[in-house]
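Note that chain A is present in both complexes that follow, paired respectively with chain B and with chain C.
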Partner chain A sequence: MTSFALAWRTAQRYRARTMLAIAGVAVIGALLFDMLLLSRGLLLSFADLLDSSGFDLRVVSTEGLAARLPIAGSARLAGDIRQIPDVQHVLMIRIEPATARTADGPSRGISLVGSSDTDEHVWRVLQGTDLRSPAAAGERCPALVTRPLAVALALTPGARLTINARPPGVASALPAVVCRVVGIAEFAFAPTDDLTAVTTLEAFGNAIGNAGPTDADLVLVSSRPDAAPGGILRAIAGLRPDLRVYSNEEVVSQFNRNGFAYFRQISLVLSSLTMVFAFLLVATLLTVSINQRLGEIAALRALGIGRTRIASMLLWESALLVGAGGLLALPLGEALALVLDRILRQMPGIPERMHFFVFEPRAVAIHVTLLGVTALAAAVYPIWLTARLPIAETLRREVLG
Partner chain B sequence: MVALGSVAIPAVTLAADPPAILVSRQLAARAHLTVGEVVTLAVDADGTRGRQFRVTGIYEPTPDPMRFTADRLEARLHLPDLIDIAADPADPASREAVSAINLKLADGRNSREFAADLMTRAPGVLVRQTARSGEDDPFVVLERFHVAISIVTMIGGTAFLLALMVIRAEERRETVGILRLVGISRRTLLASVAIEGLAVAAMGAAFGIVLAYVSEGLVNRVFQARYDTALVFVRVTPSIAMRSIVVAAPLGILAGIGASWTLLRREVLSIFHR
Partner chain C sequence: MALVEAQDVGRVFPMPAGPVVALRNVSLSVEAGEYVAITGPSGCGKSTLLHLVGCVDTPTSGSLMFDQRSVAHLSEAERGRLRLTRIGFVFQRFFLLPMLSAAENVELPQAEARVPARDRRARTRELLDYVGLADRADHLPSQLSGGEMQRVAIARALANRPALLVADEPTGELDDETGEHIAALFDRVNQHGTAVLVVTHNPLLAARASRRLAMKSGRLVE
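Take a look at the complex of A and B:
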């Protein structure tokens, strides 16, 4: 009989404890799997979100993308960028804090966005029309609003919205501008609770009291699919050496360094803890189980089954417990990830399309490797116990006992 | 008022009597500043509207869980001094501008009404409560996440405890048979395994609490060094310790009874047949 067959028979004979041990490993394994998904989930989701926006490069005037200042001469810059071969599309954006209110309601703090163009990648109109539609063309200040803002101020397409821009550092009270809501839209990067209104760059300039062209604080550039990587970035950097140009990879890497640190750390701590937990519990179960079966193992040894086969049997027992539990952990972990993701996505400021737990084959490979190491490590002490088992003495003690 | 985005450069020429500033520990370490040193603060790296200040103290910034990954490179100075640097000379009204005004109400319970009233009277002004409600507090969400993880861990732990108790019950099959034969009732035996389960679970919980308490300092030190902050990341409070014992105790009792139930409900003689 092979050592696997011996291990299989043991598992069948002690069915209740085997099932319980597998259930325990499955639950702990599910947690481990989830922590592996969490370790890079937000990063993968963020990268996916950036890629899906269709833009490859982001031009800003400051180090980093979090706090931005207007780019002087951005309209001319955008024109120059459009002349670079392989550039497909250029979009200028400016964001400032503002307050918005309807005729009879209280003010709400919003983000006011000025956009040089309409772009279906950045937002999707859910109700009404887009900013450049014929219906909106006659409006001095057409506005698209997010669903949360529409709900908060009871806005529908056609409603009037009074907006006061509050650019930081500007002391004078700017006159309010009255915009007409032309549509309700969903924004790729907007959090679920985001109160945002988007208008044209011209209307935005009126809101912040600009007489001339309004400088954008972010210029988005998309390249043709066959463009040489890095070529456009270098060309823009050559046009304006005072600006910073970020590729999507650099934005993700910056996010990885700053915004994502907490979840990476917590996933590292929790996956290490679950590994130790799984190791301790499987090792304890195997050890207790071996202590109970010392007579049986001594009898097998007396029948001529060698130490190596006994050790191999114990390894198989550990592998069966951890393997079956680890396998069950994958669907269980996926289900648990949905629950945990739903909890974490309640955090304010998280874009609607971002997820904390994202499946990737790499996580499965690490999960299998870690559980394999756990199974191996958990079997070491029981193997050592059986290897130095005195056969005659154990048999006499077990039989007389 | 906190000056952000300013540049600290050791001064070459001294002003007559430089005004005082405090710098954060992190800025002092990064710019190698000491108390008494004179520095120049400016609105940009070119030294626009630069002004000299004397460092009169180094402070530890109030730990902010919302910004614990950020570099706290900060300086605190008197508001008129900051306005001298930051105000735009072309815009006289900018000397009158501040980015925020903090208010303490005589009765904090009226903050919502006060905010609504002020926003109606001064259109364009945004009033926010400093206390976060459950809905927009990220730490309430994080707490829910941690509770969910602890529930999962507890389920896994219970399965293992049950498996261990099953092994213990099988080990004592013959002892239980003999005890039943000498007249000890099922109820007494069930009570004994329940007490055993309770003891194992309580000891496990107590060991876990001691381990958490001992490792608390280490975890905090590692994370505080990693993020250069005085923020406390882990704290074992009496209520958390009590909660873990209260949760573990009934689970231990259930595991003890559940594991022995199949053995105890059988007829005495069948217990001896393997």
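Take a look at the complex of A and C:
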């Protein structure tokens, strides 16, 4: 009869206690698992989003990517970058706040994006055509709009949209440009409620009153599939030392330091708390169970059953309770994560393809490790109790009791 | 040759209200194959003496030898090993593991002594047959009567072929008739060469011993 078999039989014998402990650990473990998914979910989701855009490098004129200024001579820079070996594609982007309205409708504040090229990685046309399609070729200002903007202004492909390159409520001498909606698109980085219109960089220049070439505030670069972007990064930095070039990894790490620090801290605090709860639950149940079985244990010791066997039996008991609960916690936590993710993604400003809870094998490994440590820690006090149990005194007390 | 030899042993329990003297200068020896019964009123120190002889407790004064070895000089692990291989315990409340069958309860001390599985199973069958419970091997303690549980406990105590069987009020929880069966079983165990030291209030059980001792206020009085 091994220690594991003894622990298994004990778990079967004290069924109510076992079920209670497993249910408790499953619920607590589900929360722990969710905290682990949350701690890196946004980061993984963001990294996935960046990678799926197909661009490896981002060139900006300022430190960081949040607030951007136009890059002087960006068209020439883009041309130079295209000459670097292993560069596959270069896209220039410029974003400004603007106001959009239809002929007979209300005006809405939007983000106006000028793009040097169309790129199906950055957006996906849901209805109509793309900016450079033959159908849009004759248009002076073809525009793609996000679904929320299409809904807000009742736009369909073919509709006319009047755009003023100024934020709502700001007076401007710039004339309005009339664009034609060629399609409705979904943008990878756009929040679910985002009101954005994309047009060509030339049309964008017209909207902001630029006579010459329009400077982009972001240059996106993709490398060939078999090339490492590090060399291209160094080459661009050599071309324009006044600019900042970020790889996807740097962007993710920058967001990790700034944007996602709250989630990491919250998940760290909550996962530590859930571990404490799991520890207290299992340690309490084991301790109560041991106190109910002191006579049995003292008798076993009197019969010569060693401390090691009793300790390992308790360790297995703890491992069984935490292990079964921890296993149940995985599907339970996954289901809970789906619900929580749906709720959190309703927050304004969250890109449609971003998720707060993202499954990764690493989270399961950490979950298992943390619960293993919890099981071990929870068994320490009951083991200490049995190891120090005075055999004769306990037997006497049991008989008198 | 003495299996156990206690010389002027004393046992004092420190208590918040002051030390309680449970045993005073008790000398006792149990020979191999002997059958000794100790009787006396409750609280006279019978169980304390049994626990010392059974090596689950150590005296606060005097010396205790088991197999000519001083128990005081044995480590906890060595005393555990001694109990496992040389001493069998029978308790008033049986203390069988409720989640194990009768056979598994008997197998447990053998597993601890690293007896090979096949030998364990054979010995267990032999012992359950010996105590008349061959047909109840797979029953859980909760499916057995008090007398049957005590017989399983005796089989368990004999599992590793001990030299000494110590029993603390083995008939205390049983009716007279069942107690008589248990007493007969102790006779048989002793006849097969195992020394028996039994502490009891039951005069009929004590009467079966080859040597009867009485205790009063922590001393042996006869």
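The definition used in the following text is that the second predicted complex is superposed on the first by the 393 of 401 C-alpha atoms of A that agree within 3 Å, B and C clash if a C-alpha of one lies under 4 Å from a C-alpha of the other, contacts with A are read in each partner's own complex, and residues count from 1 in each chain.
Assume a contact is a pair of C-beta atoms (placed from the backbone, for glycine too) under 8 Å apart; a residue touches a chain by one contact, two chains touch by 3 or more.
All of these numbers come straight from a predicted model, not from anything done at the bench.
In the superposed model, A:Val27 lies in contact with chain B only, and not with chain C. Touching more residues of chain A than its counterpart among chain B and chain C is B.
Applying the stated contact rule after C-alpha superposition, one finds that A:Ala392 touches chain C and leaves chain B untouched.
After overlaying the two complexes on the shared chain, residue contacts for A:Gln346 are found with chain B alone; chain C is out of touch.
By the touch criterion defined above, A:Leu270 lies against chain B but remains apart from chain C after alignment on the C-alpha atoms of chain A. Once chain A of one complex is fitted onto chain A of the other, the partner contacts of A:Ala379 are absent, as it touches neither chain B nor chain C. In the superposed pair of complexes, A:Leu314 makes contact with neither chain B nor chain C.
Of the two partner chains, chain B is the only one touched by A:Thr284; chain C is not. In the superposition on chain A, A:Tyr262 makes contact with chain B only, not with chain C. Against chain B, the residues of chain A that register as touching in their complex are 14, 16-17, 20-21, 23-25, 27-28, 30-31, 67, 97, 99, 101, 106-107, 109, 162, 164, 166, 168-174, 176, 193, 258-259, 261-262, 265, 269-270, 274, 277, 281, 284-285, 288-289, 292, 336, 339-340, 343-344, 346-349. Residues of chain A touching chain C in their complex: 1-2, 6, 9-10, 12-13, 295-296, 298-307, 309, 391-393, 395-396, 398-399.
Per the touch definition, chain C reaches chain A in the complex via residues 13, 47-48, 51, 54, 56-57, 76-77, 80-85, 87-89, 91-93, 95, 97-100, 104, 107-109, 111-113, 156-157, 160, 168-169. Within the complex, the chain B residues that touch chain A are 5, 68-70, 86, 88, 91, 93-97, 99, 116, 119-120, 123-126, 128, 136-138, 141-142, 144-145, 148-149, 152-153, 155-157, 159-160, 162-164, 166-167, 170-171, 219, 223, 226-227, 262.
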